[in-house]
Amino acid sequence: MIFLRRQVPLLITLITGIVFAAQYYVPHPASEQMLTSVTKWLQIIGGFALVLGVSSLFHVHAIKIRRKEAGWGYSFVLYVSMLGTIAVGLWSNGKEAVDGTMTAFGWIYNFMMVPLQGTMFAILAFFIASAAYRSFRARSREAAVLLIAAVIVMMGRVPLGEYLLPISGDLSQWILNVLNASVRRAILIGVSLGTVALSIKIIFSMERSYLGGGKE
Amino acid sequence: MTFAERMLKIDRRIIFLVIGFCTLLPLLYPVGLPIKISPEVRGVYDYIESLPEGSVFLLSLDFDPASKPELHPQAISLLRHAFRKNLRVIAMTLWVSGTGMADQVVTQVAREMGKESGKDYVFLGWSPGGTAVIINMGQDLYGAFPADYNGKPTKGLPVLQGIANLRDVSYAVSLGAGNPGVEAWYVFGKDKYKFELAGGCTGVMAPGLYPLLRSGQINGLIGGLRGAAEYEILIGQKGKAVAGMDAQSATHLAIIVLVIICNVFYLSLRKTTRQQAHSGT
Amino acid sequence: MPVETIIGAWVATGLTLFIFTFLYKDNPLFKLAENLYVGVSVGYTIVKTYDTVVVQLIWKPIVENGEWTLLIPVAIGLLMLTRYVPKAAWLSRYAFAFIVGVGSGLAIPRTISSFILKQIEDTVRPLMMLVPGEGVSFTWSLLNPASSLNTIIILVGVSSVLFYFFFSVEHTGPGKIVARTGILFLMIAFGAAFGYTVMARMSLLIGRLTDLIEFTDPSYGRPSLWLLGLTILTLVVMSRRSSNKQPKEEE
Amino acid sequence: MRGKGLGVKGKGSAVVQGPVVSGVAGSFARFFFLAACVTGLSHSVVFAQTPLALPQDVRAFDTPSDGGGSLTVLWSPAPYDSAAARYQVLLSEGTTVPDPAAMKVVAEFPANQHYVRESKWPWWTRPTTGDQHQFTLRSGRGVELKDGTTYSITVAAVQNDDRKIATPVQATPQPNWMNWNQVNNLLLALLFGGIVFYAISTARKREIFLRRIPGLDAVDEAIGRATELGKPILYLTGAHDMSDPSTIAAAVILGRVAKRTAAYETDLLVPHRDPITMAVCQEITKQAYLEAGKPDLYKDDSNFFITSDQFSYTAAVDGIMLRKKPAANFFMGAYFAEALLLTETGASTGAIQIAGTDSDHQLPFFVTTCDYTLIGEELYAASAYLSREPVQVGTLRGQDIGKALILGVLGIGTLLATLGVMLDAQWPQLFLDLFKDVK
């Protein structure tokens, strides 16, 4: 039983990992065919993964409602809006528009989801402004360098900045294209080494946290 | 409490109001400052200009409503340009919550330019799996998207004639707000299937894409609302991005002024505390 | 203008303003809008997933083209859902093992090619350039990203930042200088990111305000103005009430 | 672009004859030969309107390292190679060709194009010297090359009305099992994998040196100050769940912080966004108090769950900061847009703030609003430094070796590339090609 529960999954990871890493170097049509099928499978499995993510949300809020915890009314709102959206969506065959005319599902999308999600992040503009005033301080030489670079880029990326200080355009271009690019490149290389190391550890089962909890 | 301390402790809602007005006023009373074109954006424009009629242009709208103000105008300009050049347009999205928006923008621009779905362009919709979708399209486009957004089978669509997979795409642009986005299109797409690629992205993403731009992994980069405004100028059709540039100028200036005030107060505070410390001992 | 658009304009404006009330403080209007948002977007994702995965990717290919092999990923997907059945939860490991295995395998060569080799390739450039007519020379232009000077700057930047993230060498002696250079480069890049992020957030605000301005139009019935007044009124009433209640709650 | 008139073959330079090898074998020898040829060629002259002759040494073979459906033709450069003359590639099915003139023209281009050196092949897969002509024919528009079928293929030189067709040669397209162009990628993957394994096994056997992370000193200092002021400490573990490495690192560092707070008898507040992370962190905190010898001070509710919603969580934590005014705030793990809302409020209460995150998009805000920030990998390093777990330490060490190698390649590569330009030499490519992404 332990074998089925513990060793077999690790074996699956080992085999699939090696096979799909090796696939990259094999141009033969047979190997390409395998890649085609499996990526198609991954698309379908990806759909199930979404269900998994969503269901934990279901669970958390269901408990809240059942226990009538503080703010359970909001969880109720969440449930109603979700079920309502699903019902309307299925009724509209999952289409926001048919031949350019908006369906009821499209209405929910355009007039509820789009403004809600859009505004959620627009409020950050205000918080950046207040942080700019209250806490973006040059506490150290490093922070001072950061703030100066930030001011130059902010100037150089808007017409008024370039108008007031014509050199800021070229300067910010240079910062982005040369200084920023070199740092990002180093970070990219470092992160990639990390990714490759992690992938190797996963394939050779030195890293198992992805298997998650659940009793052995 | 000193003056500086008191000033630093003012209610932040006052700052909120300042920023609100800095955005609102230029939107209501635009000035229209000139906008310079950067080489990154010109790279995309020039490449589309150089494509012969009937080339395949793939636009992946990989964003959701949260990034709409930045990437929506980019999508409109790119589509207008591609349709004007009579390219065959394939549009799609890797972000599920962006599907409706992507459909809307494609349909709207196509209608405005008198293009027909299935013949001049196709909107494939969304498919789950993120990077797996890109690989699958590279292997077999019809396997990844058996039907387009409207449920029509993709096999046999006139616009897709002669296209088997991503290798047959002349130019792909990913408008990415995160992951999967521009980087994924390079790693899982261009790296193997060898189409030319460019990126459009939100301001948050833009600095991170410069290494790819330099190494030629993407041949152009449209960054944020500013990039969109530049593209609107390039195709000669000003839209929401150009209209927003004045407000962008005003808010940037406001932030810069706020940062400077903050540091002036901070430094003066530090000076006084140091002096006090000195005199105290 | 169609009625549904007018109603839509009112709803969209109202929800936008509800979220903006967070700027005043966390309050029931914001919480209502936030939960509505989560609910609607989850519902939307479920519908889209059903429509795309179940109908387009599974049902149609199997029924219409007889692609029975697609039952394999369906089975793997179902295994994933056993996570919620405590006794069979271990079965879900097979699914995760498969996904993670394939994902790791796909990632290794592609990451090396795109983010390591390509980036090294572009950093390793000759420090002298062959200028037509002048022969081999050193170019000083800062504005040309490919000039010799910029090549050196990039090389210094990449190397010093890579060195900064070295953990098995103490940053002393010459190492200290390199690491300090690295951190300066890092800070400049963070500054650029900072500037761009400010730009992005401001753009989002501009986008939302543009919509609100559009909805002040009489053809929609000026929802922005009416609802702005109503929202402010609600906030005032609520803050009055809570300030009356507060003393009692705090004993 | 280098080389003036390189394409034109100078007098006395040899044509490489012999069998065409598509593998790695023999490439070294070929390479040196190529270098010699190319360097000897720099002073050639382009003649206009040289009389046409038969294209020489036409060779055809299955394109190596591909999925089939493709053939490659090679032939020698000629004195008439210029924009004025043109080459045609001719193709027909079968091994015998009754009339070469009737073969299908599948490609036509100016005679000064399509050289081997223009192709992206690295030196170990180059079929011949760089000055030779090369054309790769692929299945596609108008041409179909079936795997396993033998084709006759040849090259014709055309100038004005003159057309000279070389004798057709035969070749069979085939799919291959290995893309030799990418062999450097494979070697690097194996090398790096080996390094990681080696480093981990070393770390299992003996202590590996890790430099002290300065941010950890700041942690002690902050806790000390909190004790002086008699105020609590706030610790956040980020937005992700326990499957994310950054959350794991945050939990490890929490163990260290909890040990200190136990020793100093300072209050610890850890609000959570994920119930599982909370459970794990409770265990870690309990253990830390035990190790500090103060199990009686441990409170189960110092770790508490708020909500999983991003902004509601933020508002609640901001509320805690304003009410309890912690002396130190720790932000470890992954953060999104809420980062600024948290740190800004924290800064306004005058707390010492220490952050550690790999969310690079939020790093600028942490750096400007916090007193100390662990940047990216420093977070993992700090956690490895504290936990001393061999796999973590070993991986870190392996990555360090990888970085050192890359630094070396950057240095040597730049030097060689510069020498290559200054001396107008090709041999540095021998090294540089190894680190190119070629397909």
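Chains: A, B, C and D, in written order; residue numbering restarts at 1 for each.
Just so we're on the same page, contacts are C-beta pairs under 8 Å (C-beta built on N, C-alpha and C of every residue); 3 or more make two chains touch, one makes a residue touch a chain.
Here the structure is a predicted model, which is why all the values come from computation and not from measurement.
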| item | value |
| --- | --- |
| Starting at chain C, fewest touch steps before arriving at chain D | 1 |
| Two chains joined by the most C-beta pairs in contact, as defined above | A-C |
| Most distant chain from chain A, judged by the mean position of its C-alpha atoms | D |
| CA centroid of chain A to CA centroid of chain D, Å | 21 |
| Chain B and chain C: spacing of chain centres that average the CA atoms, whole Å | 12 |
| Rounded Å distance, chain A centre to chain C centre (Cα mean) | 5 |
| Centre-to-centre distance between chain D and chain B (centres being mean Cα positions), rounded to whole Å | 25 |
| Per-residue multi-chain contacts in chain D, two or more chains | 182, 185-186, 189, 192, 311, 348, 360-361, 364-365, 367-368, 376-377, 403, 406, 437 |
| Overlap residues in chain C, where contacts from two or more other chains coincide | 22-23, 31, 34-35, 38, 41, 44-45, 48-49, 52-53, 57, 106, 108-116, 118-123, 145, 155, 158-159, 162, 165, 186-187, 189-194, 196-199, 201-202, 204-205, 207-208 |
| Where chain B touches two or more other chains at once, by residue number | 16, 19, 23, 66-69, 96-97, 99, 127-128, 135, 191, 204, 206-208, 211, 214, 224, 226, 248, 251-252, 255 |
| Chain C-touching residues of chain D, taken from the complex the two chains share | 2, 182, 184-186, 188-189, 192, 208-211, 213, 309, 311-312, 315-316, 319, 360-361, 363-365, 367-368, 375-378, 381, 384-385, 396-397, 400, 403-404, 406-407, 409-411, 413-414, 417-418, 420-422, 432, 435-437 |
| Residue numbers on chain B that touch chain A, as the complex places them | 8, 12, 15-16, 18-20, 23, 33-36, 38, 64-69, 96-97, 99-101, 103-104, 107, 111, 127-130, 132-133, 135-136, 139-140, 143-144, 149-150, 206-208, 210-211, 213-214, 224, 226, 245-246, 248-256, 258-259, 261-263, 266-267 |
| Contact footprint of chain D on chain A as seen in their complex | 21, 24-30, 32, 57, 60, 120-121, 124, 127-128, 130-131, 134-137, 139, 142-143, 146-147, 150, 187, 189-191, 193-194, 196-198, 200-201, 204, 206-207, 209-210, 212-213 |
| Footprint of chain B on chain C - complex, ascending | 23-24, 41, 44-45, 48-49, 52-53, 56-57, 60-61, 106, 110-111, 113-115, 118-119, 121-122, 145, 189, 192-193, 196-210, 213 |
| Interfacial residue positions of chain C with respect to chain D in the complex | 22, 25-26, 30-31, 34-35, 38, 108-109, 112-114, 116-118, 120-121, 123-130, 136, 155, 158-159, 162-163, 165-171, 186-187, 190-191, 193-194, 197 |
